[in-house]
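Here come two complexes built around subunit A, the first alongside subunit B, the second alongside subunit C.
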Partner chain A sequence: MKITNEIKDATIIITLDGELDASSSVILDEELSNPEVMKFSKILVNCENLHYISSAGLGVFISHLQRFEDAQIKLIFFNMQDKVRNVFEILGLDLLMTIVSNYEEAMTIADE
Partner chain B sequence: MSNSIRVNCTKKNLKLIRDFVMEHLLTLELTDIQMNQIVLAVDEICANLIIHANSEDPTKYISLAISEHRDMVRFEITDRGLAFKRAEYKEPDLQEHVRVGKKGGVGLALVNRIMDKVEFKSLGDKNTCLLYKKIK
Partner chain C sequence: MLITTAVISWALLLANLLLTAESLQQREYTEPLLPFIHNILLIIFIISVFFYQRINVLKLKKGDFTGYLWNFFLRAAIGAYIALAIYIGFVLSTDFINLKSNLLLHMVYHTFFGLLVVFLGKGLYIWRQLLLYHKNRFLQVAWDWFELLLYGTLLLTLLNFDYTSYIFLPLLALLVFYILFLCTNLKWVAYLNFNKKSRSLVLLGAILLSWYIFKWFFYKFQSHPELAADYTDVGFLLLVMLFVGLYGLAAFLVSLFSLPTSSVFEQKSEDLLNFQRLSQSIQQGQSEQQVYDTVFDSTVKASAASAGWLELDKGREKEISHMLNITEEQIERIRHLLLAYNYDTDHINNNLERNPGFKDLELPWQSIVVLPIKSLKHHFGVLYLLKDIENGFDKETVNVLQTFTNQTTLTIENLRLVAESLQNERYKEELKIASTVQENLIPKTFPSDSWFEISTHAVAAKEVGGDFYDFLQLSESRIAIIIGDVSGKGITAAFHMAQMKGIFHGLMQQDMAPSEFMRQANSALSRCLERTSFITSSLYIIDYRMKGFVFARAGHCHTLYYNAMMEDTFYFQTDGLGLGIIRDQSYKNHIREMFYDYNPGDVMVIYTDGIIEARGAENNNEEYGEDRLRYMLEQCYHLEAEDIKYAIINDLQTFTGPNTIYDDQTLLVIKFKADQQTV
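Take a look at the complex of A and B:
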């Protein structure tokens, strides 16, 4: 799993590249636990190259969601592959999290 | 092609297991979503066995065997760690997980929703998990 960040004003775009399983999800948890992340008002997660997610990867997002909501930070996923989105849907997580088609849509929602 | 694999209990081996399952299922012409779901279910069980039942002890092993029975694929996963107590299992309340910031506890819910049948058996110190998925 490779994670890269891009900062645009009050938005941080986190790009995930690879597979998020019980072994690799620790890196994502460290990334989202970084206090610097809390300085942004929007976290956009680019999932274009996220090829796989297991419950460990989902668990990382679940565990940070309330903290972000409490801090009024928007967490938005975009460019998610169908098979990865399906994993969110199996648990109904697509109803608790914001998943949109592409970057433009993510930016529009983030600015609302 | 061999239909079984044995790996020691380190999380890095989960990728090896996923690749093994995927390679084995290639001939079944599943959709991307079907393939991913099945690989995920096996991965979730193996991750639980490696992490929870065997405490990531690299001197311990888990085995996976795949077989086909008419319209069904069967996955048999065995280990000699702590047996899973299904009677104590409760389906997760996701909203509660979000509220308290809980990281784990949703893997088996995925398995139960993906697979057509999930069984756990223990005989002596040997534990077996059987997963069944209809494919046609």
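Take a look at the complex of A and C:
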């Protein structure tokens, strides 16, 4: 699992590369727990190369969801593979989180 | 036998000698009367004495070299002193009483000879034991040849050859060089400590003196006119004499000159022994405290330190566990100073007098060495050693000390590893118990009824898992079935699973709709589930009188269904959020309920994500998937519930290969049947 950051103005783009399992979700949790993250108004998660997400990985996003919502930070997933999207959908997270098909769409939603 | 032979041959020899002496006086005949018999008797005597010594060679326990010397002295070398006493008695009696007896002279001479042969026999074989200490093959062969050649020289005597003739002289000279070579094998001396060396020196001195007495006596009588025989003619005896004397002398000199260095070797061997003790601490089941005892004592001895202390890390505190010739107050002052100079680890100062800080402390020591006991990961303690002289800790000593501290680190770490593995063993036992407890939480048997059959399958990836299912008979015609999956694996998941079972039984006593159950379960779980955990679950309430069921899905895998009427296999696509994701009242907006009327022959497959997310054996990225599961049901819906389950599990195991369960797997197959009992 490789996690990289890219900052564009008030947006932080987090790119997930590989499999988000129990061990790598700890790294993601550290990344999202960083107080610096709260300075941005939008968090975009690029899931293009995310092949698998475990319940622990989902748990990390779920645990931060409320915090971002309270701080009015938008959390947007884009470029998600069908397999991974299916996991989000089964759990009902697609209705709770914003999942869009590509980067442009993500930026438009983020700018709203 | 050999002793008897020796004694008889000696007596005969004496008799022959006296006879010869008698004839010598009368006829002035220079040759012994029966030269051939004399020689044979001589050889029989020598061989019987030597072989007796060879057979009865002393075998002491390894390393008791002074024991050998003591045995040599007591059993043989003392003969020289006895012989000397006899000789003095003889000289006194001839001089003062003016008794001139040829008989007496021969008796004395021959007694000397007998004692000499015993001395040489004993000496040869005692020296052999010492010489062959730590032998190699070459030395053994060299010795065997030496013995053979030595005995070979007896032939010269037997055939009455003059050994001084030109033919044999070079051969004998070669033998002498051989002896010189053998005399260089003195490894045993190195294993003597100072005390043993001193004792050996005394014994060797006494033995050499015996040797000298014998030599002096025989050369004095070499050309005595009244003597009938001259044993200095026997080449064999000369060679053995040479060997015994030279080896004894070599041992004496080597012991003498190695005496000053023996303390160094003693220290080294003690260091080695202490290393061994340290490394064996684990087998001997010693505690860390005993290991520290050993290292402190050993390092103090190895460096000859005059004072020192050992402090151990106990959490954040430092605890002084060992002290020698120093007070706590002095330790405190030295430590403050070392901290001030930032010298608290790995430091050597061999001239404290020059350091103004130490000078002010007015301590009696002039050298200090600070050695941390630590590995890359752990810091166990620090060893401080002090000496009252300048340059007390040289490079060599510090190296030894470092080896000690390194060995200690290794030992302590190993001790901890052993303790840890024991602890792990205990955890495993407890996990086994947890596993049994959890197995009992899952129902083994469902109520069998004529209107439906149910078959279950459940395996956990680890000892305990997060999957669960359960049922509750709500009324005569209604049964509630629940399946769930707690996020994560292991003990925490197992606890939440047990909690969920409790919630299920607690809430469903009140007989509520599935969506209401999910709402209340979410509310209950929100208070106890940690932020990153959630639970997915599906609850089905089947009413066979109404021939229908109602269910709610909270983030759990879609239910697979075969409709016998329409001959169609599909997944129920309903919305529903997992439990514990939203932890407020708004959860009720995220859960839906669905009613469905079943027909006889319908099949419902309920499972957890461990089934559809199972990875393939050939392609690790390929998952079993919903499609494959649906395809399986399409193929075998006509079977009994039990057989449908086996068909699916078999297919799954073929897909994943053996022994590759990464996630808990649970599968329930329910088949509805035509009710035969309807009234």
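The definition used in the following text is that the second predicted complex is superposed on the first by the 112 of 112 C-alpha atoms of A that agree within 3 Å, B and C clash if a C-alpha of one lies under 4 Å from a C-alpha of the other, contacts with A are read in each partner's own complex, and residues count from 1 in each chain.
Criterion: a residue touches a chain if its C-beta (ideal position, glycine included) is under 8 Å from a C-beta of that chain, and two chains touch if they have at least 3 such contacts.
On a predicted model such as this, the values are computed, not experimentally measured, just so you know.
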{"item": "Greater residue coverage of subunit A in the superposed arrangement, subunit B or subunit C", "value": "B"}
{"item": "Which of subunit B and subunit C A:82 touches, first, second, both or neither", "value": "first"}
{"item": "First, second, both or neither for A:71, with subunit B first and subunit C second", "value": "neither"}
{"item": "Partner chain(s) touched by A:59 [first = subunit B, second = subunit C, both, neither]", "value": "both"}
{"item": "Subunit B versus subunit C as contact partner of A:22, first or second or both or neither", "value": "both"}
{"item": "First, second, both or neither for A:90, with subunit B first and subunit C second", "value": "both"}
{"item": "Which of subunit B and subunit C A:10 touches, first, second, both or neither", "value": "neither"}
{"item": "Footprint overlap on subunit A, comparing subunit B with subunit C", "value": "22, 29, 52, 55-56, 58-60, 62-63, 65-66, 83, 90-93, 96"}
{"item": "Of subunit A, residues touching subunit C in the complex", "value": "22, 29, 51-52, 55-56, 58-60, 62-63, 65-66, 83, 90-93, 95-96"}
{"item": "Partner subunit A, residues of subunit B touching it in the complex", "value": "11-12, 14-15, 18, 32-33, 35-37, 39-40, 43-44, 47, 50-51, 94-95, 97-107, 109-110, 113-114"}
{"item": "For the subunit C and subunit A complex, residues of the former touching the latter", "value": "485, 487-489, 531-534, 536, 554-558, 575-578, 580-583, 590, 609, 621, 623"}
{"item": "For the subunit A and subunit B complex, residues of the former touching the latter", "value": "19, 21-23, 29, 52, 54-56, 58-60, 62-67, 82-84, 86-87, 90-93, 96"}
